[in-house]
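Multiple structures follow.
Each of the two complexes below includes chain A, the first together with chain B, the second together with chain C.
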Partner chain A sequence: MTQLPTNRMEAWRWTDLAALEAARSTDRGSAPALDGLWIEGDGPRLVFRDGMYQPKLSTPGEVSVEAISPATAHPLGAVTAGDGWRLTLAAEQTVAVIQIVHVATGGENHLPGVIELSRNADASIVETFVGAGWTNRLTTIRLAEGARLTRSVRLLQASGFVSLREEAEIGAAASLASIFLGAGKAASRIDGELVVTGDGGLAEMGGALLTRGEQRQECAVTVRHSALDGASRQIWRAVAADRSAASLAARVDVARGAQKTDGEQSLRGLLLHRTATVNLKPELEIFADDVKCAHGATVGELDKQALFYLQSRGLPQGPAKAMLTRAFVADAIDRIEDEAVREVFAADAEAWLNEAL
Partner chain B sequence: MTDTAVAPKNAEALAAANKKYEWGFATEVEQEFAPKGLTEDTVRYISAKKDEPEWMLDWRLKAFRLWQTMEAPDWAKLNVPPIDYQDAYYYAEPKAKKTIASLDELDPEIRRTYEKLGIPIAEQEVLAGVEGARRVAVDAVFDSVSVATTFRKELEAAGVIFRSISEAIREYPDLVRQWLGKVVPMRDNYFATLNCAVFSDGTFVYIPEGVRCPMELSTYFRINAENTGQFERTLIVADKGAYVSYLEGCTAPMRDENQLHAAVVELVALDDAEIKYSTVQNWYPGDENGVGGIYNFVTKRALCQGRNSKVSWTQVETGSAITWKYPSCVLNGENSVGEFYSVAVTNGRQQADTGTKMIHNGKGSRSTIVSKGISAGRSDNTYRGLVRVAPAAEGVRNFTQCDSLLLGDQCGAHTVPYIEVRNPSAQIEHEASTSKISDDQMFYAMQRGLDQEAAVALIVNGFAKEVLQQLPMEFAVEAQKLLGISLEGSVG
Partner chain C sequence: MLRIEDLHAEIDGKPILKGLSLTVNAGEVHAIMGPNGAGKSTLGYVLGGRAAYEVTAGSVSLEGDDLLEMEAHERAAAGLFLGFQYPVEIPGISNLHFLREALNSQRRARGEAPLSGAEFLKVARAQAAALGMDAEMLKRPVNVGFSGGEKKRNEMVQMGILDPRIAVLDETDSGLDIDALRIVGDGINRIMRAPDKAVVLITHYQRLLDYVRPDFVHVLADGRIIRSGGPELALELEREGYGAIAA
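Moving on, here comes the complex of A and B:
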């Protein structure tokens, strides 16, 4: 196995690598129930248990399971080589919402995934992570001209560590929208590198990380623009309670010649308790002069005026705080277009807030 | 090293200087060098040369041994060619006169150097001894040793100690020992540790309790001898309720060899004290192909130790081939204030990775960061900043604004802000933007009769206005000119 990164490395300084090591050395246990994890719909459904495909529980549809040898330099992504899942769509093909549930029972498990959409193909994938242990994923995405992919990923593991690595190539006029919700109790790292290679491509990656207890979650996303007229959006929200830490690192690279790029970054952190930590790093690296790249970053507690307003309308302090926190998280989750999926994600966030507040 | 060996190169350098770098020239003064290379003997030589006490030598040697175990930092967005630390001189001092009683005794070569600096501020008059000249104290660092200190008496009457650091070590050992290395610890980073071992000279300022320093203090750094690294050490202590404004400005002659500059600046502000530290840096940036030019690896840090203390950094960075510089504030005092105003211009093949750190440890501490980066030519300009709020720091407020301006499509502008907050009552705001000079702006300025370069200079000065306003008057004028000259040839 390759060398794991350390906190001394600049790109990993906020990662809870101790939690990763601890999760790795746990023993396999029993699997949690899958009831209630499915979102209504008749699209393909797949279940992976500890990274192993479960044919009896799955209706794979267009998704195939096969050996995958990913070409990645990412230290955790490279570990995933082996059997994985692949979705390949022909030109103009569309499919119903694909759902994948990853169940982990302890120890470590690795799984690669590949999504290849041909011209003007359209797909939507929802992934859910439950269980315990170190769950490590690499998803390689290639979108041809005009292809459209929506990804919604929720991290609900009860313990352990979830590391996700996304590597995407976005062709001309193609669009990728990935929204992540970290509402479990496991530590996590959402690591992404999206490259917009075709003119007019759109890359969006964002979400909400909700942390409590001693939990540490982070995202580290880079969007690279190497073509004209590209757009990218990174909207991340972090809510940290207790002694937890949430870290948001988002970066936009604009290559030489990638003129007319429109990059948007919005990173905001909310601290619920005085012992919690939020780290932000909105980074820009720009080599072209005719671009629009702006970022905003704020950290703080709930707006006292807004709180006062709600209380003056008769809401007790608790529900008033919950309402404002919900609105804060909704900024990120409302980016999910599919209503059924959005409602399920909102309910997960709601459940987290009810427990944490 | 003899003069005859230097002279032909100077002639070449002068010929190469032409109009692009007005302040590129070399002055011939006899030098006394430490042997080339860096060993314990070099450290002992420097210490002996400066007649330092035992504890200082021990401190230097400890730093030198530590330095040998350290590695140069590589996290900055800089492409630094490998530096051969053995292929440089670590000590050079103008020979000739032992002590200078008055300015008339100043080496005429050095006098001419000041004239060629072309800085039309009061220092010229002060050096020429003009009656009624504006009071600016100049502690001129010519190469490594202070050769002229003016207004010392008046400062002493106010109780202000303004000395070269080597003098201060001899005359005020307890005071220096109390604070030296307290803000920037010996093991802070590779370049700071190197500085601890071999620092040649620098400035020490102590403002006693309740004193408002009667004049602005200024130092002109010049790097003058071929192949001499310059390792300045500055320590400014403002006691309770004291105020001081310190100006630092630099130009350097044309050279082919890369010159390393690893300075350390430490500021200490006690209760209710205020320090204003302004820098205009215009060292030789190298030619169009990036050959030559100064490496400016500087560690600057302020300790706002007392309640209501305030430190304000203002910098205009236009020179150097490579800049690695993060003037920072450790805000320990309750309601202490840190400010950072910066304009960094890169052109040609220059690289700059600069920014600040605001470490909020004190309750109610506040900080403001305004950074303006201007990139032109084939240069890279990075803002790197950290705002950290400790768990016990209630009611912290920070506002950060970093704007980048790109001139041309071959340059790069980067922003790397870190925000680490561990207290919910903190209010942290960060804004950034990246833009270029629009055709409309250029058209408007030019149809009013400005030529292209004047139009660019005007627009750039407007872009940097918020920072330039923070500079003392005569610096602001110089800085505006510098911005224009630095960007010559970058448009069109």
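Moving on, here comes the complex of A and C:
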């Protein structure tokens, strides 16, 4: 196994590596129930238990399970080599929403995934993580001209550590829109590198990290524009309660030739308690001169005036705070296009709010 | 209905209300007028239960219950409505969602059954229509992008939906043009003019009082009520200014 990163490395300084170590040394146990995790729809469904495919619980459709040897330099991504899942779609092919549930019972588990969409193919994938232990994933994505992929990923593990690494290459006029929700109790790192290689490509990676207790979650995402007329969007919201910490690191690189790039980067943190922490690290590296990059990064508490306004109309303090926090998180979650998926993610966030507030 | 006795309140250690007393009976409309900085909005916030204001002496009772013991949302459920001088913009929360949650919280607190979505929508649409507010605005985020006048109208729509026993309206007339003033005035009369309800109308100007006729007019200056009278007092203030009265 390759060397794990340490907190002395700049790119990993906020990562809860202690939680990762603790999670991997736990014993395997029993799996939580999976009912209630499926979203309505008749698309393919796959279950991986501790990283192992569960054919009896799956209807894989277009998804195949096979040996995958990823070419990545990423220290956690590289660990995933072995059996994994692959979705390959031919030109113009579209599939119904694919759902993958990853259930972990303890210890460590690793799994690579590959998504390759040919010209104008269209796919949508929802992934859900539940259970315990260290769950480690690498997803490699290649989108040919005009292909469209939407990804919605929710982290609901009750304990442990979830590390996700996304590596995507986005071709001309192709689009990748991926939204992540961290609403469990595990520590996490959502790590991504999206490269827009074709003219007019769109890269979106964003989401909401909700942390409480002693939990630490982070995202570390880079979008690189190397072609003309590209667009990217990084809308991240962090809500931190108790003594938890959420960290948002997002970077946009615009290469010299990537003129007319339209980038949007918005990192915002909300502290529900004074003892919580939100770290923000927005970065822009722009080498082209004709580029639009809107960006903002702020951390604050709930607006006291707004809170009193809601309370004065009859809402008790808890529900009033929940309502304002929900609106804050909605900036990220409302980016999910599919209504059924969006509602399920919103309900997960709601459940988190009801417990945290 | 509302009895305020010798109320002292401060913010950040600065005394603002300095012994204010006022009794409002059911069926009455009281106007409170006074110069800028007199403490009018402070009175509204203290009655509404805003945490930043500390009551250092005195008492307030609503229908015999100790208002100051209640949290802000309990005061609302007990029938108090505060119309804000500066209604707050709340991005990301629709008027409808907010008001339905608020109304149903109040109803639950009073032991009444919550309204269904359809029942609530009917009430909300009727109140918006009565106040000349486009029903589409109910779907918009609370007060976001509303003009000053629209915000004040929205306060009245909220009041209509929540149907309070006593309303404390803080400069609901400011920012309104003549037509909007009439609509808002009519709204206050329609919603609040009843034998078992009461209104405390905080205003700078006589003009709202042409529509909502007060039974009593009080002058608030430097944290106290320094003079009380009938509607004629408002006319006198308009003519002579606060300076002459306070002197």
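Here is the rule we go by: the second predicted complex is superposed on the first by the 357 of 357 C-alpha atoms of A that agree within 3 Å, B and C clash if a C-alpha of one lies under 4 Å from a C-alpha of the other, contacts with A are read in each partner's own complex, and residues count from 1 in each chain.
FYI, contacts are C-beta pairs under 8 Å (C-beta built on N, C-alpha and C of every residue); 3 or more make two chains touch, one makes a residue touch a chain.
Bear in mind that the values here come from a model prediction, so they are computed numbers and not experimental data.
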Margin query: Using the superposition on chain A, tell me whether chain B and chain C clash or fit.
Written below: fit
Notebook entry, point to check: Which of the two partners, first being chain B and second being chain C, lies in contact with A:Glu21: first, second, both, or neither?
Noted result: neither
Next item on the list: Could you say whether A:Tyr309 touches chain B, chain C, both of them, or neither, answering first, second, both or neither?
Entry: second
Next item on the list: Determine, under the contact definition given at the top, whether A:Glu343 touches first (chain B), second (chain C), both, or neither.
Entry: neither
Margin query: So if I put the vertex at the Cα centre of chain A, how wide is the angle out to the Cα centres of chain B and chain C? Nearest 10 degrees is fine.
Written below: 80
Note to self: Going by the contact rule set out at the top, does A:Lys281 touch chain B (first), chain C (second), both, or neither?
What the structure shows: first
Item checked: Between chain B and chain C, more extensive residue contact with chain A -> B
Next item on the list: Classify the contacts of A:Glu214 with the two partner chains as first (chain B alone), second (chain C alone), both, or neither.
Entry: neither
Next item on the list: Look at A:Asp289 in the shared chain and tell me whether it touches chain B only, chain C only, both, or neither; answer first, second, both or neither.
Entry: first
Next item on the list: Classify the contacts of A:Leu272 with the two partner chains as first (chain B alone), second (chain C alone), both, or neither.
Entry: first
Margin query: Quick one: is A:Glu10 in contact with chain B, with chain C, with both, or with neither? Answer first, second, both or neither.
Written below: first
Check: Just how close are chain B and chain C at their nearest CA atoms in the overlay, in Å?
Finding: 14
Note to self: Can you give me the overlap between the chain B contact set and the chain C contact set on chain A?
What the structure shows: none
Next item on the list: Would you tell me which residues of chain B are touching chain A in their complex?
Entry: 75, 77, 391, 404, 406-434, 436
Check: What residues of chain A sit close enough to touch chain B in their complex?
Finding: 10, 256-257, 259, 269, 271-301
Next item on the list: Over in the complex, which chain A residues touch chain C? Could you list them?
Entry: 303-306, 308-317, 319-320, 323-324, 326-328, 330-331
Notebook entry, point to check: Which part of chain C faces chain A closely enough to touch in the complex?
Noted result: 48-52, 71-73, 75-77, 82, 84, 87-93, 98-99, 101-103, 105-106, 109, 142, 158, 162
